[in-house]
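Order of writing sets the labels: A, B, C and D. Residues in every chain begin at 1.
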Amino acid sequence: MNAYTQNEIMIIAAARALRNEDICFVGIGAPSAACNLARLTHAPDITLIYESGTIATRPDVLPLSIGDGDLCDTALTTVSVPEMFRYWLQGGRMSVGFLGGAQIDRYANLNTTVVGDYHKPKVRLPGGGGAPEIATNCGEIFIIMAMGKRAFVETLPFITSMGHGATGRERRSLGVKTKGPTKLITDLCVFEPDHETKEMTVASIHPGVTRGRIAENCGWAPAFAADMGETPAPTARELEVLRDIQARTKAAHARS
Amino acid sequence: MNAYTQNEIMIIAAARALRNEDICFVGIGAPSAACNLARLTHAPDITLIYESGTIATRPDVLPLSIGDGDLCDTALTTVSVPEMFRYWLQGGRMSVGFLGGAQIDRYANLNTTVVGDYHKPKVRLPGGGGAPEIATNCGEIFIIMAMGKRAFVETLPFITSMGHGATGRERRSLGVKTKGPTKLITDLCVFEPDHETKEMTVASIHPGVTRGRIAENCGWAPAFAADMGETPAPTARELEVLRDIQARTKAAHARS
Amino acid sequence: MARFSTLAEAVRENVHDGDVVAMEGFTHLIPFAAGHEVIRQGLKRLTLIRMTPDIIYDQMIGMGCADKLVFSWGGNPGVGSTHRIRDAVENAWPKALELEEHSHAAMANAYEAGAANLPFAVLRGYIGVDLPKVNPRIKSVTCPYTGEVLATVPALRPDVGIVHACRADRAGNVLIEGIVGCQKEVVLASKRVIVTVEEIVDDLGAASPNAVVLPSWTLGAVVAVPGGAFPAYAHGYYKRANSFYIAWDKISRERESFLAWMKENVLEKGPEAFAVHAGKRAAS
Amino acid sequence: MARFSTLAEAVRENVHDGDVVAMEGFTHLIPFAAGHEVIRQGLKRLTLIRMTPDIIYDQMIGMGCADKLVFSWGGNPGVGSTHRIRDAVENAWPKALELEEHSHAAMANAYEAGAANLPFAVLRGYIGVDLPKVNPRIKSVTCPYTGEVLATVPALRPDVGIVHACRADRAGNVLIEGIVGCQKEVVLASKRVIVTVEEIVDDLGAASPNAVVLPSWTLGAVVAVPGGAFPAYAHGYYKRANSFYIAWDKISRERESFLAWMKENVLEKGPEAFAVHAGKRAAS
């Protein structure tokens, strides 16, 4: 078996969730790594779109920002930001939106706005950016986040983007027809929503991880699916491609 | 004195109304001839914009349609039609809109929609196209039309685009801040709105034309301004440039 | 994802009797070849949408394809009337034609709203004019900040959008250059899309990173029809046949001459007949 | 009509204490040189608008230029926090900062509405989230056709819009290529406009008829500031200095190191200091 870090299996498991035919709206950071890994392995024709307006981009290194020059240079075409949000995101063109977040709750609602009171914040986070509309306008949502009790919380101080809502029933009651978060990929396991309650439920555990370790790193008592399986370990090829692009990225960012 | 036709003095008088610094939204036909004549004579830097999206175009021949290839080939840039109507026309970027029409009333309201009842028309005309919004979103409006009792009518069957409204007071009452029609250039004379009533009033008569001839070709009793003057006759240079572009245009349209 | 096909297949699979069909191209890149195929397949009861229903819709309406026309300016540009449309409106020949009439600004905004997946568009328009009196689809909203009342039109979401473009690459991505009109909006607003192109190439050769490119997965059928925009034009390929627009006035003025022309040039021909117009490239 | 001037003149004539100022550039073409000039001229009480208030607004807010920030994502992209903005929000240093917070979609639509001379924008957004509870500017309208309730935001109409672009021609027409962001919208939405460019050339060299060109008469001051987007980048000129973005995290973390850096690199420098970054062209 190949040695790998928990961060590596998280990105690799996330990449596997993507399909060759997906049109994916890519968040920066871990989502971008997962999406490009998918493109460089099992999903060579996947269409990656960044909110900077770059459509069908094929960056050689991972961008540091959402609008690095490499994204435009390798794109099929680049549109304005208003057009990106109006015609492409709101237009319902994305099959998947890939998000990260600072905090998440059991219904996969996300907070990237504030810790503490909004008007007197303990910690002021970056804000929502594209996430509020990505969450409702993409066909489904994949979320990638490392577990920990400060990140996986019982109650969010602020809902920046809606997952399945405060009770798991809000998408339907608000008339939202897209699926919302169908996968939450972490460093320890993969969650999927329960069919009935929409609570994010552990669907597969990464090799060597215990239920106890997942529970210790979760701010609520996590549910485990009856048919829960084990996440397949990263293959040598997946690790090689991931490490290769990360090394190229590090070298490129140090140079520029 | 140079021999000229009434149509020629109409186009030349219309061209003179334009200023070098104008940003002009150009209607097809006689307006297009007048605008390009202005550009080729006293207003070399005038910006001509056609609703096809071509900005700052400098066609070598007069286009037959609003979107001939020559307009794009000689433009500074070409934008989409939705952008043209949203950012450029509605955005308030045009100092002048230049319109023609099938029928006009004393307040310079225009009809290009129907003669007779809208639902059972005697004659179905082309419709408004860009005119309804040109009429209110441009800084001011110049209209070019040959006189005649079927064109200059007491009551319009249909208001396609607003001039000064049914009573001359509608622009203000509807909250429209642009000036509306400030010049109506015909083959016999030039009308301008009366300061008080906004009724289109003869401001200058073309050389050799009588008040009687104007009245005979007008469906209402036209008012003549107290300080009415005579339209200066076309200069040799104006006639030469106009005839030259018309000849080039005719040759080009026969060829293509 | 775009599928390459023949024009006959593309129309057969995507256009059905009674559909709402938008064929766009603002003077430039008008999908004439596709319009002729719709006529040849004898499609009926269409609602035809087009900002400028010029010769292409004159032909389709004259051949009885449509029950309704949604438009903002109907005429033969720079020449005069579209006689077949007038004959349908004034005399119900070959059948009655319902009109839904807008301004250009409203139509452009309605396509834009369709592409943006909004149910309606807001514009500063239709002020002091009669069209809202005869078109009940024109309504208004009040700005929640200023109290200003603005006009609205419903978004256009055609069943089928049909456009002609410069070229496609082998993956089915399509480039449009020059007067781009509202083609991008029509494609993105429509449920199904047919694009005819001048040629299919290895590399689109888009000269600017911001060129108007429609990705393959926004399209349905892609069909190579060289010359397919004639008598309109294709930027970089061939010029507008202004002389044909002038000639059409005479052809279309009488029912008999119109029908004879359609029989000879449409019913008895196929899309390959357009290729001769693409051949004028060198001369343009 | 655009007027060529120096950066100091352009800022002096167009930006005043208390103005509403939008400086845009979505990662690409961020007007850093202009931001530094605003700091040097000691402008105060500005309302700063920007979708992504990253290092440029971290610097301006850290130097006390602003009373209010209108934004949708505030951070150092891919690196972490904008420490000076956080210090202003969390500790009112150097002064309190009021926030008006939106989503990207809402901001983009608000600029679009500003460019289109509409008082508000409609979007299918803000569904099921908390931002409308804390931002009273987010309201709604009901579609007059479907009854659907949609979110609205007021149009953005800044007093001054400031952008950086690739190049201008000698008439003052400006070309933007690559990631064009919302620069066109900001320029068209603003009452006064300053554009800094990499170079002034005889011919824009726009490769496509549909390239993003801002005509001279939509602009105010045009100023050549080679390298003026550093540490952001200019398509075709120089690359993004990702290493500077990473370094800024340390520089900006403490007030002292921030002030020392600003003194040495902004207060004691001028726009000509950016030229060294343009010089990297060959290497990119």
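Assume a residue touches a chain if its C-beta (ideal position, glycine included) is under 8 Å from a C-beta of that chain, and two chains touch if they have at least 3 such contacts.
Predicted, not measured: the structure shown is a model, and the values here were computed from it.
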item	value
Length of the shortest touching-chain route, chain A through to chain B	2
Set of chains whose contacts include both chain D and chain A	C
Chain at maximum distance from chain A, centres defined as averaged CA atoms	B
B-D compared against B-C, more contacting pairs	B-C
Chain centre separation in whole Å, for chain C relative to chain A (CA means)	40
CA centroid of chain B to CA centroid of chain C, Å	28
Touching two or more other chains - residues of chain A	72, 78-79, 86, 90, 137
For chain C, residues that touch 2 or more chains besides their own	117-118, 123-124, 148, 178, 180, 184-185, 206, 209-212, 235
Arrangement of touching chains [line / ring / star / complete / other]	other
Pairs of chains, among all present, that meet the touch criterion	A-C, A-D, B-C, B-D, C-D
For the chain B and chain D complex, residues of the former touching the latter	21, 23, 47, 55-56, 72-73, 75-79, 86-87, 90-93, 137
Contact set on chain D toward chain B in their complex	1, 115-118, 173, 184-185, 188, 206, 209-213, 215, 217-218
Residues of chain D that touch chain A when the two form their complex	26-28, 51-52, 71-75, 77-79, 81, 85-86, 89-90, 101, 103-105, 108-109, 111-112, 123-131, 134, 148, 178-182, 184-185, 212, 233, 235, 239-243, 245-246
Chain D to chain C touching residues, read off their complex	117-120, 122-124, 139-146, 148, 150, 152, 154, 177-178, 180, 206-212, 235
Residues of chain B defined as touching chain C within the complex	28-29, 51-54, 63-69, 71-72, 78-82, 84-86, 89-90, 113, 118-119, 121-124, 126-133, 135-137, 158-162, 165, 170-171, 174-176, 252-256
